[in-house]
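In the two complexes that follow, chain A is the common piece, with chain B as its partner first and chain C second.
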Partner chain A sequence: MHYAFHFNVVWEHWRELVEGAWLTIRLSAMAMGIGLLAATACAYAKTTGPAAVRWAIAAYIEAIRNTPFLVQVFIIYFSLPATGLSLDANQAALVAMVVNFAAYGAEILRSGLESIGRGQIDAARALGLTRYQVFRHVMLFPAIKVAYPALASQFILLMLGSSVVSAISAVELTAVANSLQSTTFRPFEFYFASMALYLGMALGFRALFTGVYWVTFVRPRLTRPAV
Partner chain B sequence: MSRTFGAEELLFVVAAVRWTLLLSVVAITAGALVGFAIALLRTMPNRFVRFAAAGYIQFFQGTPVLLQLFVFYYGAAAVLGLQIEAWPAVTLAFTLYSGAFLGEIWRGSIEAIPRTQWEAAACLSLTYSQQLRYVILPQAMRIAIPPTVGFLVQLIKNTSIAAIIGFVELTRAGQLMVNVTFQPMIVYPLVAALYFALCWPLSLASHFLETRIDTRLGIAGRL
Partner chain C sequence: MRTGLIGLIATALSAVALLAPTTADAQNTLEKILASKKIRVAIDVANPPFGVLDKAGQPDGSDVAVARLLAKDLGAELEFVQVPSTGRIPALLAGRADVTIASISVTTERAKAVMYCHPNGALSITIFGPQGVKISSPADLAGKRVGITRATLEEATVPKMAPEGTKIVWFDDLASTVQALLSGQVDAAAMTAFAEKTVSDANPGKHLENKLLVTTAFYGPIVRQNDFELRQWINTWIFVNKNNGNLAAIYKKYTGVELPVLPTF
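What follows is the complex of A and B.
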């Protein structure tokens, strides 16, 4: 052991690390926002669409869930340009994250949709609501409530998993830590500091999601008079 | 002049499946030992022990796998002042990573067994290890199998991250072939297909076992 820790180097570069963390959060939040819309569309089509559509969406979900995220990133960044669709590293990272999150999100939402009692849907149809109206007004909110905890953990997995997009030199926290350690020759300090940031972000988002769950799903029940 | 992607290159990529498999098998086997210890510590009466095990799990579940690899590979090399080979660093990192996830899965399985089973076993004057060995674990194991198989899928996929530090397995073999053939359009989809061939049967098995336990109500449901 002749390695002396110099964590003061980390303090000198804290601003870059925090900026990296902010990039990771922004990238993950954007991917989740777009991914959730795509996931909702997929879950909707998979539960109500024609057989061919259902089959195609099932194939997409299985393909994504049974291949590594890193390989998905490589396909989008390195393979797609051959078809004429060229993306820069940051765009490719975002697209890969959306494609990945949408598949997991669709599966989570589908299980939420399937948890809704048949009677609820029949009742809504009997009131003359269209299929879309039933989905939008009767099924979606309870399905999100059931799916919410799994979606929240999926977001944290997405955020932690996003560190591998540094491999295609997309800019986020791991890439920042990597470039800092290579200029300062302090690998352990910077990797450890960025791990601490990821851990803080994971715990922070978990707390935030629990809070949002309480405000959205628990408190209205407490304040609203019993029917 | 670049090489064309022919039979030799195809064979190189396909043969690299064995490194992915070997790494996954070693990590899940050694990780099972760590995970078993963690699961037991997590369910022990002693609060301090439980807290320490929870911290271990939180660390590995709350940080990216890539950074765990960096710390074990570059970080440990710098701290210990010796060049560590990729194999031991990667295997150790994935073992500890698997240990954390398996520990958490198996903790859930042990806790799913009703308290009364422990109490009944204690009434028969079985010791803690006997309660565990003869009453709790045989039941908990059945609940634990589907999510454990599910985790194996996650592990196989995540071993691809070892490619980033230059460890040659399936993904890295694909990268190497792309570097010499300039055919990412063929190679990466092939790599993805090979992972799919490994993972999909396991996903199906996990799902099948899960529904079978559900329909039979499982051991916990019958109690």
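What follows is the complex of A and C.
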């Protein structure tokens, strides 16, 4: 059996591939931004809220973390229209990614929050800070610092996992690669090309996250005057 | 980190090497099939009435029946390689299957990648949708969302007939295209007339109706380029089973209509 590689066909279609990759990046970045806010809200409510809210959030987190992402995507795209809420493919993909990332993010943040010593929280309460102020000023920042590597990994997983939204016709990188391979009959070339693009995006985001970590958590310590 | 990266690259390269020819093929594909008494046939079981899964989860449909008869006459054990519509040609190119029998319409584009055997059936592609959606000519498609399935004849034909402003929505398999139509995510969908009938009959409440005929085409088994011996055997088999009525009986059983006169090339 012989398969001759013709990578020139990839260059002929590089613009479409880059457009697909750009949608992957936009969807992932927006899902992370919105999802992180939602995750923080969930983590806050789960640590400080009344029992009913804590239960509801725990149920949401377990439901999302124990079901396949593809099924979540299908429910949002194919089933929500029956309730009168019709989202187009990109909107449905974004909503599904936010809902998914928020559940994992909330659980990751919770582990960060639990790492904060009880004594610190008691001390802040004793100083007269409200529950929200304690969360905002004493707990959140160190919690994010502890949870940061796990959050960054989860984001990469989210970005790579976004490849399944091609199933609901969102035209991201995998969808573009699928269309190109099915019209040019050069499957390996386009799958390798999309693999290289995913790898590049993942490494790029990792470098970005390392930079953000350094600027946010490392540099302030270095520049802070010694006491 | 450095060794990790080198390891990764080495793994990637060895993966590529697996795809490359390893040894000069001493036997052609037909000889291999005859020697091993085993034929691997790629089928798409999400494409009624050509390929479906029956209630027991076993492959069924006209393509499956053709594959079973072909393997029996070849004296080979039949191994099904189930693929989505997008995998029908890649499965062949990757060497996962010896032949694809998946109602794959004859097009000159596909013939650049694989070799067609003589046609063993015919189908037509139609556009259909709910009664409330007005489509009576291709021009009416402008502004409408039309669902099609990747790697199908509709992907090759509908975008060409659709006027400027048509919103073509691509799905990876027929089931998703059908779901999109039923849930109102698209205004109309293109598929084979047989699939259209299955969907319309199963969903009487949706009042789906035929809107446009896109094209009619013949479909046939495909083999890898240069597998001339296998192609010639399959052509011979099609000739025999066309004349003895087996192909017509299978076609009638699954589609409900008479098999048209099949051309050869």
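Operating definition for what follows: the second predicted complex is superposed on the first by the 226 of 227 C-alpha atoms of A that agree within 3 Å, B and C clash if a C-alpha of one lies under 4 Å from a C-alpha of the other, contacts with A are read in each partner's own complex, and residues count from 1 in each chain.
Rule of thumb we're sticking to: contacts are C-beta pairs under 8 Å (C-beta built on N, C-alpha and C of every residue); 3 or more make two chains touch, one makes a residue touch a chain.
Source: prediction; values computed, not measured.
Considered on the superposed chain A, chain B and chain C are sterically incompatible, since they clash.
In the superposition on chain A, A:68 contacts chain B only, with no contact to chain C.
In the superposition on chain A, A:202 contacts chain B only, with no contact to chain C. In the overlay built on the shared chain, the residue A:179 is in contact with chain C alone; chain B does not reach it. By the document's definition of touching, neither partner reaches A:223: not chain B, not chain C. Counting the residues of chain A touched by each of chain B and chain C gives the higher count for B.
Of the two partner chains placed by the overlay, chain B and chain C both lie in contact with A:188. When the two structures are aligned on the shared chain, A:82 is found in touch with chain B and with chain C.
By the touch criterion defined above, A:168 lies against chain C but remains apart from chain B after alignment on the C-alpha atoms of chain A. Judged by the touch definition given at the top, the superposed model places A:8 against neither chain B nor chain C.
Within the three-chain superposition, the chain C stretch that clashes with chain B turns out to be 200-208, the only such case among 20-28, 56-64, 146-154 or 200-208. Under the contact criterion defined above, the residues of chain A that touch both chain B in one complex and chain C in the other are 1-3, 74, 78-79, 81-82, 166-167, 178, 181, 187-188. Interface residues of chain B facing chain A in the complex, by the touch rule stated above, are 58-59, 61-68, 70-71, 74-75, 78-81, 153, 157-158, 160-161, 163-164, 171, 174-175, 178, 184-185, 188-189, 191-192, 195-196, 199-200, 203. By the touch rule above, chain C contacts chain A in their complex via residues 19-21, 25, 86, 89-90, 93-95, 109-110, 112-114, 147, 150-151, 155-156, 169-172, 176, 179-180, 183-185, 224.
Taken together, the chain A residues at the contact with chain C in this complex read 1-3, 74, 77-79, 81-82, 86, 88-89, 166-169, 171, 175, 178-179, 181-183, 185, 187-188.
By the touch criterion stated above, chain A contacts chain B in their complex at residues 1-3, 62-63, 65-72, 74-75, 78-79, 81-83, 160-164, 166-167, 174, 177-178, 181, 187-188, 191-192, 194-195, 198-199, 202-203.
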